[in-house]
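Order as written gives the chain letters A, B, C, D, E and F; numbering starts at 1 within each chain.
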Amino acid sequence: MSERSSFPFALPPLLVERAVAAALDEDLGMAGDITTQSIIPANARGEAAIVARQAGVVAGTDLAEAAFRALDPEVRFVRTVADGGMVAAGEPIATVAGKTRALLSAERTALNFLGRLSGIATLTASYVNAVAGTGARIACTRKTTPGLRAFEKYAVRAGGGINHRFGLYDAVLVKDNHIAAAGGLANALARLRTRGGHLVKIEVEVDTIDQLAEALRFAIDAVLLDNMDIETLRQAVKMVAGRVMTEASGGATLETVPEIAATGVDVISVGALTHSPRNLDSSLEWKR
Amino acid sequence: MSERSSFPFALPPLLVERAVAAALDEDLGMAGDITTQSIIPANARGEAAIVARQAGVVAGTDLAEAAFRALDPEVRFVRTVADGGMVAAGEPIATVAGKTRALLSAERTALNFLGRLSGIATLTASYVNAVAGTGARIACTRKTTPGLRAFEKYAVRAGGGINHRFGLYDAVLVKDNHIAAAGGLANALARLRTRGGHLVKIEVEVDTIDQLAEALRFAIDAVLLDNMDIETLRQAVKMVAGRVMTEASGGATLETVPEIAATGVDVISVGALTHSPRNLDSSLEWKR
Amino acid sequence: MSERSSFPFALPPLLVERAVAAALDEDLGMAGDITTQSIIPANARGEAAIVARQAGVVAGTDLAEAAFRALDPEVRFVRTVADGGMVAAGEPIATVAGKTRALLSAERTALNFLGRLSGIATLTASYVNAVAGTGARIACTRKTTPGLRAFEKYAVRAGGGINHRFGLYDAVLVKDNHIAAAGGLANALARLRTRGGHLVKIEVEVDTIDQLAEALRFAIDAVLLDNMDIETLRQAVKMVAGRVMTEASGGATLETVPEIAATGVDVISVGALTHSPRNLDSSLEWKR
Amino acid sequence: MSERSSFPFALPPLLVERAVAAALDEDLGMAGDITTQSIIPANARGEAAIVARQAGVVAGTDLAEAAFRALDPEVRFVRTVADGGMVAAGEPIATVAGKTRALLSAERTALNFLGRLSGIATLTASYVNAVAGTGARIACTRKTTPGLRAFEKYAVRAGGGINHRFGLYDAVLVKDNHIAAAGGLANALARLRTRGGHLVKIEVEVDTIDQLAEALRFAIDAVLLDNMDIETLRQAVKMVAGRVMTEASGGATLETVPEIAATGVDVISVGALTHSPRNLDSSLEWKR
Amino acid sequence: MSERSSFPFALPPLLVERAVAAALDEDLGMAGDITTQSIIPANARGEAAIVARQAGVVAGTDLAEAAFRALDPEVRFVRTVADGGMVAAGEPIATVAGKTRALLSAERTALNFLGRLSGIATLTASYVNAVAGTGARIACTRKTTPGLRAFEKYAVRAGGGINHRFGLYDAVLVKDNHIAAAGGLANALARLRTRGGHLVKIEVEVDTIDQLAEALRFAIDAVLLDNMDIETLRQAVKMVAGRVMTEASGGATLETVPEIAATGVDVISVGALTHSPRNLDSSLEWKR
Amino acid sequence: MSERSSFPFALPPLLVERAVAAALDEDLGMAGDITTQSIIPANARGEAAIVARQAGVVAGTDLAEAAFRALDPEVRFVRTVADGGMVAAGEPIATVAGKTRALLSAERTALNFLGRLSGIATLTASYVNAVAGTGARIACTRKTTPGLRAFEKYAVRAGGGINHRFGLYDAVLVKDNHIAAAGGLANALARLRTRGGHLVKIEVEVDTIDQLAEALRFAIDAVLLDNMDIETLRQAVKMVAGRVMTEASGGATLETVPEIAATGVDVISVGALTHSPRNLDSSLEWKR
């Protein structure tokens, strides 16, 4: 946890502000929180803690804070656990004090962000722990929730994982369709090289050892070893011999990932980190 | 399935357009799909099928179609299964034909929407099936993914569920905090009645039979029976005797939901439908 | 007025911010207030009062304040009358002190919001007063100014009225077209019940006593008595006998509304509250 | 009317699209028209006419059409009366044919735009008619509904009026505050001249004949004669003697405007055109 | 410079905020400044100066400040030179102190705005200086960078120039196409006068002395003398004799502009001010 | 030119649509093109050619087309030269036929995009030609016009150049500030490696041969040789010996760039490509 507490990344503040505004819009609509406005006096003040109901790795506290602050600019929000840190079941993640109306009306928005992102961070950490001691790193994919990619990729880092490319624009991944359309890998790579920037990496997807051998004839940066069994992965890593990055992709689970890591691959990409995490359950508990 | 094929709802088209634009922005950035543009000729055309890798209930085909159409306005998108319908593993959900570049570049965006919404519809349908034969209906909550509430609530309906309130603005839910702040339920409801519209329903959350008895003294529309055990639920339903809607909330799983339904409650709300569904796995398979 | 001063509602702050930004954009364009910038020194400071030229009920002070604050974040804005309170002709609604440029450039935007919303609140209060002593409540409709619905519905509440549904999404209103298309009211209601949420109210529009009798055979929440004359309204109220909410709709004016209220209906909806209010005239009077 | 049918102006299409999208958002929310979706089959088609319930001048048909088209891109919308043309009570403004769901769900949005803008055009035309035969033209002010200025200024033109400046950015209007801050009109105008563009007109507000005499010593384009009585206005017009544009401002009503026009002023500005028009009542009448 | 330090204009704050947000989005994307986040501690603080590498006129400091402030709301930004003021090569324009991460990540955005706008102001000042002593003023055109018109027109004023119309909406410019379509200038002007506001100026473009003679028969405000040689310009100015504004347009360079000014024209418009300025080079120099 | 005519890239369509909408907003405001609307009949149709007044490389035709199409969806726009192709002075780039009003009102917006982007492409091509025969490639920087980065980076590719990183998010560039803050390059790179994705390249900026030697001790992808003289560059290239990409940065002009290229560097980055291009002059010439 000491290492995680030094988690260096922060979300771009404008992204946080916009995502929180969009989420509050969904919950407040045109009339706002009609229950709370009707019943709670405008000047009432309260204090509460966001308490984890399960152990996990925290991510998304900036979003939670921004949700409360959007409804009460004077709110006091104090983190007990920073993003990337671990929380035990029953322990607080943060305390929040301010206008009671703001706390009640922003509660669900704050928890929805925190729950999803901490769920991703926690799941990522499970995979990272499962490969501890090997050299393998755990990466997410582009199978993210539409509209939340920046946040979900950040949560993966909070859980100790790394990010695969953010989109179709920041790295090249050559798949079988591309190779077929170009009439072979050589042609595909030639086309890429003519106009490609010098700071863009090129990864090639291969399904077989033969394809891998073909790919290694060219100046590329990484190979994506797609859906290979353990034995083939091992062979592939040996053939690559450290010349390019190796990424195992397809079907990794918490059960199978140690074995995959043991093959010596550099990176294991896991779509489930972002497409099917379980929410980290937490709740707002009132102190006064 | 015949019943589901008559699923009557459609997503507001402006919401679809905006969500798809936001998702494509995430994936295309400023440079677009650099692999595809470099390799695939601009005038190449192709055809592919979106094929389910697991059985499930489909939701989100409008979003998938819009993703392809945003990159190729002339694309031909034909549904094999409509939203609310069931698909078997290995069967196609839709076919899509158009510019190869558009198909490749919109693929992930289309599948990300379809996978998440179909996952929700499928999970909802499991709960609906689990309570079949009882009068209970399955409802979602406000524990939705920030930015996707309209779509996730729609997916719940596609799976045969119903929607709880959409936000804090369209129905009243009186919780313990409200009651405490008002100095009792009578006061809270009096405040609500002075200014509340005549088309807004009022639900009161109760934890115990005593609280329920208190709530039933007032003109309300529904009671949320919070985290009650089966025996208490049964008692509660009996006490209500059809005068107001009864909703069981808290901790329902696929294992426990039949028993909960058997208590006679009208509605069972399940946060996991939207906060922790598993993605319905599907892929784009190329025909030519 | 003491009751009104306890007006509990507040506009969602994000809606206020966006509406004020859009209005200032209209007035400032790309060059801003060219008269003021050319003539008034950037560091000049002033103080002024927003003074009502007519008596009325105030609404929209949050928008007025936000207009000044957008151009001078340090502005001091002090309400003399809160939203929902009454102001006499010649009396101040608020005082504002800050940069002279900001006061001059935001003046029209602030007054445009305040004039329209106070006009609605004042007109609503006239109707509310006209039915005082009966049990009838005054409701607005969906005949609002495009883009301002949230604010206009709020102004109706500030004037002592209640809101009909906010849109097509938060309550069901079954009209003759729907009944005809469904082949009768029974079918229409059956379709609604299959997928309708348990927190959505259902109102049925009826034109005649016969239609009312038909509607009352079903489990509905309210009836909209459309364009009925006073005698028919009275009969309708008697027939309903408190089983559902009764709403009189169509043609109510300040002259006819007392008589309508005297029939015993629960709610009288008045489109003119929002589609044809007269602006409440006010002006910025400079103190220094 | 023949003249009006040659009304040359059109609204910028992007403004129409955005305003209609915002208005539909208000009415459809996240769930859309739940009554219509539940009851009306998705493939049902219908035809209806937008019929005026009062005589008036039409404005806003582009917005009405866009509302229907947003929900059914194939809709057929045929104008009987173009913007700027007159409609009699009971006569159709346009017919619309398409998906029944789209017609029902867009109806209120279309009518809200049409009612407000036609109300403004009709009121403007009353003023224009009231000054017919004099040389005076009727102008609107900046007292417009926030967010709708482009449309309301357009409606004024549709009614035969002209537009005063659109905002603080496109013409200079020197008021008493500016003169006081500058230490006299000479200083104020000197400051304006240093940096003012050669295509920006300068108008000076005067309250008295003395102020007018002072203003006429400078090279300005127009004088705003503020709240002058008829006799003073007459004197002012005589003193100006055609050298600059004369604008009478303040307190014009349909009763007083002919007398004001008879003084010989060039322009009479009327805030009520846009801040307090009555909606032109119209409704959607179904043909099938 | 003393005159310039009294530059009276300011950019509308909402435009500044939005433009800076859009520019930061381009540079930060979804992951932010990955180099800085990985290496620089979140709590490190620094101080730097924005130093001009060339002499010039400064414009855009509000945008530069806003860029830093968006990433560190507590940043201290102190101008050494205000917009409209001159800076010598090697001298500071402003100093900025705050979080090191914010300074590094906003640096390029701040300098990009400052460089472009100061480049425009500097080029404008060169033209203004080149015509010093004549009565001619230097104006920009609508040949601005898409999305930056408000800022570029402002920079022209900062350099001592004036603005031509901001768009197609705030002044009339009748060109040969319009005259041809109307069947002559008389018709074109008649059409303009019927509906044109009294605060909109009318300029007519003429290519020849004959066209000028024709134009001067009508009540217009200005003539644009298009691509005339020096001798023809001189003739044109003489013929106009002060009755309307004269604007020389087409082909002015720093070399030719003094001669053009000497013809006595009131305004010389120069497209290159905004379409082809050279960036004013500046850099961020770290103090600690 | 045959090679350029095979230019493979296209702009993301949503970016084109938004940029054009923003630019048209600037030019049309709330009233639109008041000259054209007043004079040109709504149903008039015309045809024109966009003709280059100078030779150059074309870029931005998609934006030009979209500008016309936004005002007339039926417009016919035919390219004579595709993006990346060369045009001679006096030759057409495209022809456009449609509503005369749309052609006149969109003309400036279309030409502003085309002029700026073609100016960048043309300047880039000059640099590319100047280094022809060497292995050096010409790259742009992040010194782009705020809001137009996607388009300007595209124009650089159209001119035969390559793109440096798009922003701070898609590649790592370690500068002296980072190294100082980390306490040496080794520390800085260690921090990057812990959390950096496997598809992100790392470039290190060096000012001296000593720094270069230090940098080459680590696993990096590229070195930025900052402001080195020709002799030092040559030495640097020799020392690198092909192990990493070499980029020369700082002060390259059309005069100096051949000599820089001759040192054997892989990439030469030129800020002026995007911060100070000259507009490529073109105009709309009417055919009828």
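Please note the rule applied: contacts are C-beta pairs under 8 Å (C-beta built on N, C-alpha and C of every residue); 3 or more make two chains touch, one makes a residue touch a chain.
Predicted model only: the values in this text are computed from it and were never measured.
Colleague: Call it same or different for subunit C and subunit E: same when shared residue numbers make up over half of all numbers used at their interface.
Modeller: Since fewer than half of the residue numbers are used by both chains, the interface counts as different.
Colleague: Going by the touch criterion at the top, tell me which pair is linked by more C-beta contacts: A-B or A-F.
Modeller: Comparing A-B with A-F, the pair joined by more C-beta contacts is A-B.
Colleague: If I superpose subunit A onto subunit C using their CA atoms, what angle of rotation comes out, to the nearest 5 degrees?
Modeller: About 120 degrees, rounded to the nearest 5.
Colleague: Select the interface copy of B-D from among B-F, A-B or B-E: the correct pair shares over half of its contact pairs, counted by residue number.
Modeller: B-F
Colleague: Distance-wise, how many Å sit between the C-alpha centres of subunit A and subunit E, to the nearest whole number?
Modeller: 44
Colleague: Quick one: subunit A and subunit D, Cα centre-to-centre, how many Å?
Modeller: 51
Colleague: Between subunit E and subunit F, what is the separation of their C-alpha centroids in Å?
Modeller: From the centre of subunit E to the centre of subunit F is 23 Å.
Colleague: For subunit E, write out the residues touching at least two other chains, lowest number first.
Modeller: 8-9, 26, 28-32, 38, 41, 149-150, 163, 166, 169-170, 191, 195-196, 200
Colleague: Counting only chain pairs that touch, give me the topology of the graph as line, ring, star, complete or other.
Modeller: complete
Colleague: Spell out the residues on subunit C that touch subunit D in their complex, using ranges where they run on.
Modeller: 19-20, 22-23, 26-36, 38-41, 44, 100, 104-105, 108-109, 111-113, 115-116, 119, 142-150, 166-170, 172-175, 177-178, 181-182, 188, 191-192, 194-196, 200, 272, 275-279, 286
Colleague: Name, in rising order, each residue of subunit F that touches subunit B in their complex.
Modeller: 8-15, 149-150, 153-154, 163, 166
Colleague: Enumerate the contact residues on subunit E facing subunit A in the complex.
Modeller: 21, 24-25, 28-32, 37-38, 41-42, 70-71, 101
Colleague: Quick one: which bits of subunit D touch subunit E in the complex? Just the residue numbers, please.
Modeller: Residues of subunit D touching subunit E: 8-9, 137, 139, 157, 162-166, 169-171, 191, 195-201, 203, 221-222, 245, 247, 266-267.
Colleague: Show me the residue ranges of subunit E that touch subunit B in the complex, using the header's touch definition.
Modeller: 26, 29-30
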